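Next up: some structures, all given as C-alpha cells.
Note that subunit A is present in both complexes that follow, paired respectively with subunit B and with subunit C.
This part shows the complex of A and B:
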C-alpha cells in the first residue's frame, strides 16, 4: 500500500516527526502523500512532478487559492490532514 | 502581485483583488467551485472596488467590480462591471458571459438577496482606454490601469452619468507606461513570496506517496 521512498534507517533516539496527509489535485486527478510537517513543501512538490513526469517550473501550486511559497513547510502554511493543493499549468505570459 | 503593496493601507482596505490565475481557473469545471470559495474569503461585498486581473487566451485584461456593496438602485454609486482591455481589436466582449456567471456565483455563495434579474441588469462596460501598440505589452497595461485607477478613482461615480472622468483614450500616453515599466523593479517585495531555493531539496524521507488511498 504505502511506498516509502527512503532506505535510510533513522537513529532510535530521533523522535518520529509528525506527518500530514496532503492531496495534490490536477484537473480532477488526485494523488495523496504523507509528508513530514516541518520539511520544505518543495520536497513534496518536486516528488509530485517526478511521479507525474511534469516539469516543476511549468506548473503553479495553489493552497487555498494562494500560490505556495515553496521554501515554507506545512506548519508555516497551516496545513492539516486532508488539505488539498491544486496544480495548474502556467499560462501567465501573453500580450 | 507586488503592485498592491505600493498603496497605502487605508486604500487597500476598501478594495479586494484576485490572483490572476483565478479567473481562468474559474472556467475550469474542476476548479470553478473552489475559486468561488476562495473569493468568499475576500469579502467582496464590503469593498468599493474588486480588481480581477484576467489572463485568458494568452492575453491580460482587467475586470473591476465596482460598488458591490451598494444597492442596484443606488443613485450615487451604482454597482457595475468595468473591463479595461488594451486590445479592443480582439474582442473583449467574449469575457462578458464568464464575468456575469462569476458575478452570479459570487452572489449565491454569499447568500445575497439580489435576484438573477437584478444582476442581469448590472452593466458590463468596456470603456475606451489607451491601447497597446506592440504585441507583448498587455500585462504592463493591466498593471498601469490598476495603479492609475486606484490613484484617481473618485469616491463616488454613477455610471449612468458617464465614465469616471479619467477613463478615456487619452488617459495616459505610451511614454508614461514605458517609464512606469522601467520603475517596476523598485516596487516593494514581500519576502514571503520569495522561494527559498538556496537550500537543496532534502532527501526523500520527508515524503511518501500513498498509492490507492481510500
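This part shows the complex of A and C:
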C-alpha cells in the first residue's frame, strides 16, 4: 500500500520519469511507443521511419503544430504521457 | 479600393510631397493669391496668422516651387496689386485639400513602396550565390525558434519557375509574424497557421478539432489567437497553394485562389473551427451567422503554372500590412528574389 502510494506520487514530485508514452500519428495510423525520456527524440523518429519504411528526410515531425527540434529529448520538449507527434508529408505547389 | 489607391498614390506622390512642403507651417490658415497677369504665373502664399512669412512660388510643370522667402517678397507684393484670384485660387485650394488628404494617407503609400523596395547590389549577390549552390544538401539557414532548416535544395524553389515548397512558405510566415511583433504599429495583429494546419484539421474524415486543439494555446503562442484581427490559413489543393482567411476585423471568411478556384468546404470547416476554438479557449459561444463567406475575385491572378505559392504568400504579406493587393504577375520574379533574400537574412521587411 505504502509502496503503491509513493509510486503514484512520484511523477508529481519527481518529473524525471524514465519513460514516456508517445503516439506517432500519420494519416489516421497511430503507433504508441514507450520511450526513454532523456534520450534524443531523433532516435525514436528514425526507428519509426525504418519500421514504416519511409524516408526520414521526406517527412516533417510536428509536436502541437510546431516542428520538432529532433536533437532534444522528451523532457526538454515538455512531453507527457499520451502526447502525439504528427508525421506530415511535404507539399509543393505551383498551380 | 486599396488597389486603386495604391496606383493613385504612386502617381500623386511627387505632387503631394511638393504641395506639403509649401504648407508645412500651418495647414489650416493658408491664403493663396495668384497673379495671372505676370508671365511667370507668380503665386503668393501667406500664412494668415502672421503676415511676416511670405513665399513667392513659381508655377512650373512639376507644380509650385518656392522662389524666395520673407521680406523681399513682401515688398514686391506691396507694390503689386493682386486682382485675379478667382479660378486659380479655387483650383489651388482644391489641390491643397487633395494634398492634405494624400498627406494623411502617405504612410499607406509608404507601405506600398516598402512592398516594392529594390534589393541592394549586395543582397542581389547574396541571392544569386545562394540560388546557384552546387551542394544542395547544405543547410544555408536555420531558424532557431521554429526549427526549420533551409537547404540549397529547398531554396531552389524560389528560382524562376520553381514550385514553392512548404519549408519556404512556413519559414516566411514565421518571419512575417516576427516582423509584426517587431513593428506592431505598422501591421495588423495576425496569426499565420503553417501549411500543415488545414490538413491536420480535416484529418480522420472531414473535421477533427481535437487534433489541432493544442496548436493554439496561449502558452504556446504567447498571445491569444482570438485577439488576432486576421488568421491566415494556407490551403494545399493537390499541387496548388490557396489561401483562406478568418477575417475577424471585417467579420468574414475569405478564400483566395490565384487560379480563380472555389472551395466552399474550406470555409465551412474554418467557420466550424472558429466556433469550436472560441468555445474551447474563451468558454463562450460566438455567433457567426452574420459573417460572410467570400470568394475574393478581384485579386491579382496567376498567368502561368508555377507561381501560385508566390501569389499566396504575397496575399498574406499585403493583407497583413492592411494594404490592397496592388501587384500582378509581372512582379513575381522580383518577389521571388525578395523572398529568397528575406529567408537568407531571416528577416522580413
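Following the convention adopted for this analysis, the second predicted complex is superposed on the first by the 74 of 95 C-alpha atoms of A that agree within 3 Å, B and C clash if a C-alpha of one lies under 4 Å from a C-alpha of the other, contacts with A are read in each partner's own complex, and residues count from 1 in each chain.
We take it that a contact is a pair of C-beta atoms (placed from the backbone, for glycine too) under 8 Å apart; a residue touches a chain by one contact, two chains touch by 3 or more.
Since the model is a prediction, treat every value here as computed from it, not as a measurement.
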item	value
First (subunit B), second (subunit C), both or neither touched by A:51	first
Subunit A: partner with more touched residues, subunit B or subunit C	B
First (subunit B), second (subunit C), both or neither touched by A:86	both
Which of subunit B and subunit C A:32 touches, first, second, both or neither	first
Subunit B versus subunit C as contact partner of A:66, first or second or both or neither	both
Footprint overlap on subunit A, where subunit B in one structure and subunit C in the other make contact	27-28, 60, 62, 64-67, 69-70, 86, 88, 91-95
Contact set on subunit B toward subunit A in their complex	19-22, 24-25, 28, 30-31, 34-35, 37-38, 41, 55, 57-60, 132, 134-139, 192-197, 199, 201-213
Subunit A residues within the subunit C interface of the complex	27-28, 60, 62, 64-70, 86, 88, 90-95
For the subunit C and subunit A complex, residues of the former touching the latter	146-148, 157, 162-167, 170, 193-197, 199-200, 203-204, 211-212, 214-217, 220, 236-241, 258-259, 302, 304-309
Interface residues, subunit A side, partner subunit B - complex	1-6, 8, 10, 21, 23, 25, 27-28, 30-36, 39-40, 42-44, 46-47, 51, 60, 62, 64-67, 69-72, 86, 88, 91-95
